[in-house]
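Notes follow the structure.
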Amino acid sequence: MESGSLRMNKQSLSGIAGVFHAEQSERILYYMMHSLQHLGQDGCGMAIADGSHVMVEKNHGLLAEVFKEDVLSKNTGISAVGHVRMSMYLDEALENLQPIMVRAHQGHFAIVVSGSILNARELQEEMEADGLIFQGNSDAELIAHLIQFNHGHLFEKILSATKRLVGSYTFLLMTKNTMYAYRSSDGIHPLFLASYKGGYLLASETSAFSMFDVEEFRSLEAGELIRFGKEDVRSFFLNDRAQERLCAMEFVYYARMDSLFENVSVHTVRKKTGAMLARQERVDADLVVAAPDTATSAAMAFASVLKKPYEIGLVKNRYIGSTYIYPSSVQRMQGIKTRFNAVSSIVKGKRVYLVDDSLIKGFTAKRLCQLLKEAGAKEVHLRIASPRIVSECWYGFEEADHDELAANVYSDDELAKWLNVDSVRFLELEEFDACLPMDCCQACMRKEREHCGRKI
Amino acid sequence: MESGSLRMNKQSLSGIAGVFHAEQSERILYYMMHSLQHLGQDGCGMAIADGSHVMVEKNHGLLAEVFKEDVLSKNTGISAVGHVRMSMYLDEALENLQPIMVRAHQGHFAIVVSGSILNARELQEEMEADGLIFQGNSDAELIAHLIQFNHGHLFEKILSATKRLVGSYTFLLMTKNTMYAYRSSDGIHPLFLASYKGGYLLASETSAFSMFDVEEFRSLEAGELIRFGKEDVRSFFLNDRAQERLCAMEFVYYARMDSLFENVSVHTVRKKTGAMLARQERVDADLVVAAPDTATSAAMAFASVLKKPYEIGLVKNRYIGSTYIYPSSVQRMQGIKTRFNAVSSIVKGKRVYLVDDSLIKGFTAKRLCQLLKEAGAKEVHLRIASPRIVSECWYGFEEADHDELAANVYSDDELAKWLNVDSVRFLELEEFDACLPMDCCQACMRKEREHCGRKI
Amino acid sequence: MESGSLRMNKQSLSGIAGVFHAEQSERILYYMMHSLQHLGQDGCGMAIADGSHVMVEKNHGLLAEVFKEDVLSKNTGISAVGHVRMSMYLDEALENLQPIMVRAHQGHFAIVVSGSILNARELQEEMEADGLIFQGNSDAELIAHLIQFNHGHLFEKILSATKRLVGSYTFLLMTKNTMYAYRSSDGIHPLFLASYKGGYLLASETSAFSMFDVEEFRSLEAGELIRFGKEDVRSFFLNDRAQERLCAMEFVYYARMDSLFENVSVHTVRKKTGAMLARQERVDADLVVAAPDTATSAAMAFASVLKKPYEIGLVKNRYIGSTYIYPSSVQRMQGIKTRFNAVSSIVKGKRVYLVDDSLIKGFTAKRLCQLLKEAGAKEVHLRIASPRIVSECWYGFEEADHDELAANVYSDDELAKWLNVDSVRFLELEEFDACLPMDCCQACMRKEREHCGRKI
Amino acid sequence: MESGSLRMNKQSLSGIAGVFHAEQSERILYYMMHSLQHLGQDGCGMAIADGSHVMVEKNHGLLAEVFKEDVLSKNTGISAVGHVRMSMYLDEALENLQPIMVRAHQGHFAIVVSGSILNARELQEEMEADGLIFQGNSDAELIAHLIQFNHGHLFEKILSATKRLVGSYTFLLMTKNTMYAYRSSDGIHPLFLASYKGGYLLASETSAFSMFDVEEFRSLEAGELIRFGKEDVRSFFLNDRAQERLCAMEFVYYARMDSLFENVSVHTVRKKTGAMLARQERVDADLVVAAPDTATSAAMAFASVLKKPYEIGLVKNRYIGSTYIYPSSVQRMQGIKTRFNAVSSIVKGKRVYLVDDSLIKGFTAKRLCQLLKEAGAKEVHLRIASPRIVSECWYGFEEADHDELAANVYSDDELAKWLNVDSVRFLELEEFDACLPMDCCQACMRKEREHCGRKI
């Protein structure tokens, strides 16, 4: 039995996008995926439909490495779907790159999935017992199997498949002339739809629309399945809808700063959390430093409310791509810093508020605090612009087990000691709630757990 | 229905190799695959087993492009299997690269296949009806499905699968600690086994052993399945053995010149065909030119028997890799020649015997003849060192339909006219037979067809 | 005469760095150059001295593309110098990559130069008349010629060369066992020196030291030449020192936000300019948007002083490397935006302050203003956090001619009209002066010009 | 003094080609250089003139790696010159890639050189004393300096330069609208000229013309300088012509088999040497094996005369490019063979004639003999189809010093012992002479030395 290494509960980050019925659809998709590149830099792929065939092109690497002008300049696509992904240990195989193609005599289709299937292992074991083979361990391959293992028209097969799937996910499925877009019924994972020049754009984040003059856009509702056909576009609501609750971490650090949810930008929400955090501040320090880059909005607002200078006391090294040569651990010990460094002239002798967006395992925060102290900071007060993460994510967004979550294992005081800082404070859950523009899933921020009506 | 584009009767060329229980097995496999690179330059892959896991690495391109020192220097492999392939229209997708991995809870395995499955379409349609998905259209994926769709131990599953498969093929299947090697019961396709430093090497051609001090080697027999286990290596004979008949085209042009069958080198057989062809020569010409490169051995022997000079009247351009920029058709019309060119100073005003190894569709021969005439050859006499190809290959080796085979469509005289040469002559079937070191399949050289006992 | 295409007055941006006597000097240099990558992404190079030889490695591309582990892992370097560069039209040739090597029987040396030589054309013409050849048109090749064309010891030759050079520049020159660092006497261009583990680091910006535990660092003084020898390190002051005046644009947009000048970070200066700009604000608007990315610090401070929300109304697309496929002009017309896009939900119906760091030709600002208006901004008020650029740069930093400078050609009102915005305002010269931590060169911000004592 | 590492007597192999006044000249040049790729696989470059500018593109690697469609598809070139090169220790720097560009105000030019300058060190030292810098150590840079260091028109400058140069070389020099082609007065190195569609092609070997319908071609005469101008093409004979003597090694192994000298193919000459060698054979053996690949023609003829079978007993591994991973010395000791391997089934128990084209240091021959013995050959008789190389090459073609030349150090019997073979025999000098179509330089095959009239 090698099941341990087979399918992880924890899922890799990813983003999906699609174009239905637009000229140069492969080129439009390329630019959409570019705006989603922050969701995954390890691999990407694109399936292109020209009305009679579906072709796929995918590989390891950044979009700009995988796709060259020769692919885009064919200009044959009338529709296309794409995927960007972050690899994690044991799933970086070529077979896990999406789109997954199903080449059936009945008709080819390509599928891209973002999210997490909770009962993936059970479903896979069940299907394996029926003789099905899994070449990789992606959710896309699982869903493809589940769809094909049913009978009837493709629409019916998709319907049946979604009934078996437990979890939070979105997918786009494309045949040579149709497309299906689905957002799972818990609504944890987002998916957006825009009109564009008579056709449609679909993406995990609204930032993907930003390079285009889109006429209007909306979020798919939880449990909504849209079928884009030659003649018409129809929307269906599958299954019983649970209350739609977007994952709160989208606001904390997944989404790009300019992405919108309910027409509120992520930047706006982050500023609110920073301001809220500042209002409870009891410690006096000299300046505010942000953990680069996602904590910037919160830190700026935090500084503004406290009327303290916001300073660039920590710098993240850019231009680090897949070919960058990281210092070895020996070299790090010799004082070569890797991704981050503290600016001594700014923090030396100063009392520093370090604002970070969240605290999961705590290792990055620990490193940042250490850098600040080494650079001469007299005091470091860590401020987290979101609540304590105390439970493992149901939906597998976080790559951390229950007993690896720093805020679950330690009290605030213990944390301060472990991190070697002078104080640690989190945004409280109700405060955080007040900053969000909608009701969100905060399961990981609560000890008591409940999902799909059943306590676990 | 897109079945037309789904699965071709015609298979792409490929080669397989494996290493069981040898130190640095990935490195040994790399060099073996290098010696098989002539069997496929479009893609390659390797699966490596370290006793507890099976990993796979594959991509488009030459071996030296896909595998870098970082893969080989891990040195963790105790066994490995690999594949090189030639792509054809509609099957160049990433999903068709081998090894195909099956990541099952019951145990992972990797499979590489070389050859052709005659009932692939029927089997795929049947399995699709059962809800199985095909991501590509490789035989390896088909066989993987067929194996997994059975119950029992892996050995039994393989046994059941081979019973369903009609065709000529060889495969290597590797789990984390075992390996299976199979050569189909008609023996059309070769597979060789060598002892090496306490372990074993397996390959489509003996040339793959040439870089190593192998202790001894033998051909797998037709229908032979070998199971390499931790404790022992056992050989089984599956199914009823048809008379073993290797594909005659191995000698004509597939195999590398130094490869051995029944301890006779391919070069030796080719010389015999050239000499045999010479003995029936009735036309007097001035010099002998070979179609580069596979006809060299035959042409040399032809010249030697006739006591005519063997000259380099046609040259093939080397250093042409996947990144080489081919002249466009316009440029060709302007006189830029592509792969071949004729040496005017050698052939001008001369009567030339052009010896080629075989004649399939005839387009390359037509081009070579035209080049010779343009370069000033007074006469061109085309001599084919193998019999007329008159029937479509049962086993899908040739990428030609029945009515595309020049020697089937035309008589020798018509051929001479179509090729615009002064005469055309083939080696006759009995003559060819006399050159071969064993009984071979020559179905494509005979009009009447018979296979597996049933006439078709 | 092709002189027009030969040598430009305008220089490309670049950065230099060096390591003298440190273990793994090539690796240290790699990380230093990484922190200077913002100064040039088109090409880079490194010369490495091991005590008996000087080797060079350079090519087009980012650092991570040109240098692979095999170069760094040799670990033979005891000293090294490097260069990153931005190419401009007509100077992207391989011959312009630095370091420039001089392989003389008397001894090899490598040189890297950053800056601009005013009398380059005259010097080149003069040397050409003496029969010297120029393979490229880099200042490094020019200075190498000038040094070698003199007699005496290397130190004397360098001394003589600097006497002929008019302009603002810094260079590092390395032989197999010595190094020379020079900052020209006007001090326009910066160069910094740090102690590190018994050796020395040198760089165009202090950000290059940020990955290392440097013990202390200082700026080279204007006109200072330092000779690093086996036995000692000695500092000399060449020529008459003009008053040292750093280029003011270092603060405006060249330098990385965390770089320090006189121990003041660039971020701090930029915040001061934003705050200063805000104090004179007479127009009331709803929110503040920064031109990404260099105007962020100024815009934040501007918003803070005015107590207006700072919003992410414009987004710059990242992950754009040398292989990124830019939309063609046709595609841009069809509404595909390239580097920037405006966030409609934030700016629609709003009165927007757009804060930019500077205005040269004005085309980028024009594009940003247009994007904001297209996205629905009711009003756009452009605020420039530095003075009007009204004169061509003496030192060739800017790639703009006198009559291309928007603020020189237009009055503020005309500018507003040309840019199609509701108002334009600059930071006034005295206000800007008050923000700088030192006396800086502001020649481009003044109409009357004076240089080297001579009015022009 | 580092002069030892500065300039080698021994030159790297290289080939040059040019196109004057032809449409798509860059594309034509690409295909010509392709046919010269055997002369150098380590780097290549091309300069393209469009009538008003000269551009250059060069880098390390094969032609197909350095030049992509984007360069060729510009189609702006009306003339072009190119270079392929083999790197040797200490000269693999980027600065040694050709063409060398001279970007002078008086006019740009590009130069490519093949051959060897005997007084290069003296000339460089002299020019360095005059203050000139050498960035690399290529002859092209040296000649460029020598030309520019003179006064007058370009034609006069070239004339003056050739008067100073001692050695054997050919060059092509191109300005924006003219081209100069020169073959040095000793004629050791070849250069060919062909008419093509109203323009001209130039190349080191006639094989470069083979992809084109060239109307006619001739060799440049020794000491001939051709000036290709807008209005006319004129030929001049510079200096006193020594007796033209092509390097005999062109026939032995430099040139491609289909290249022609005096309308005789290299293949024809090689066959004559093999036949000649056979006529003096006194030893009886079983079969003939060629050292791959250059000895094939000679070995075939040798076998034909002796009526012994020609067998493929040694195989060279192809598809070995710059990215191929060579076995380490440890791996070789473990029995992994590198470039060559012996076919045991062919040579086991047999008496083998091993025919090689030449014997320089003897290490490759030693390796081949060892492989044959290890593979079971009962006897190995080494036959060299050219005379003993007993003197260092005047012209630096060979990378071997006087005391490294096996045939100079050892008698034939000693050689047989050192090589561990049963006999060694060379073609005698008079026999070799009789095979050549013209009087050739055989200085390296004679003990007494004479060059340019002076004994040394």
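The letters A, B, C and D name the chains in turn, as written, and every chain counts its residues from 1.
One rule holds in what follows: a contact is a pair of C-beta atoms (placed from the backbone, for glycine too) under 8 Å apart; a residue touches a chain by one contact, two chains touch by 3 or more.
Note that this is a predicted model, so its numbers are computed, not measured.
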Furthest chain, CA centroid comparison against subunit A: D
Geometric centre distance via CA averages, subunit D-subunit B, whole Å: 36
Where subunit A and subunit B are represented by their mean Cα positions, the distance between them in whole Å: 46
Centre-of-Cα separation between subunit D and subunit A, whole angstrom: 58
Touch relationships between chains, expressed as pairs: A-B, A-C, B-D, C-D
Contact set on subunit A toward subunit C in their complex: 24, 27-28, 30-31, 34-35, 37-38, 41, 62-65, 67-69, 72, 207, 210-213, 256-258, 260, 263-265, 267-268, 271, 297, 300, 304, 309-312, 315, 317-321, 323-325, 327, 331, 335-338, 341, 343, 345-346, 374
Residue ranges of subunit D touching subunit C (in the complex, touch as defined): 1-3, 5-6, 52-53, 55-59, 93-95, 97, 100-108, 124-125, 128, 130-137, 141, 144-145, 148-151, 176
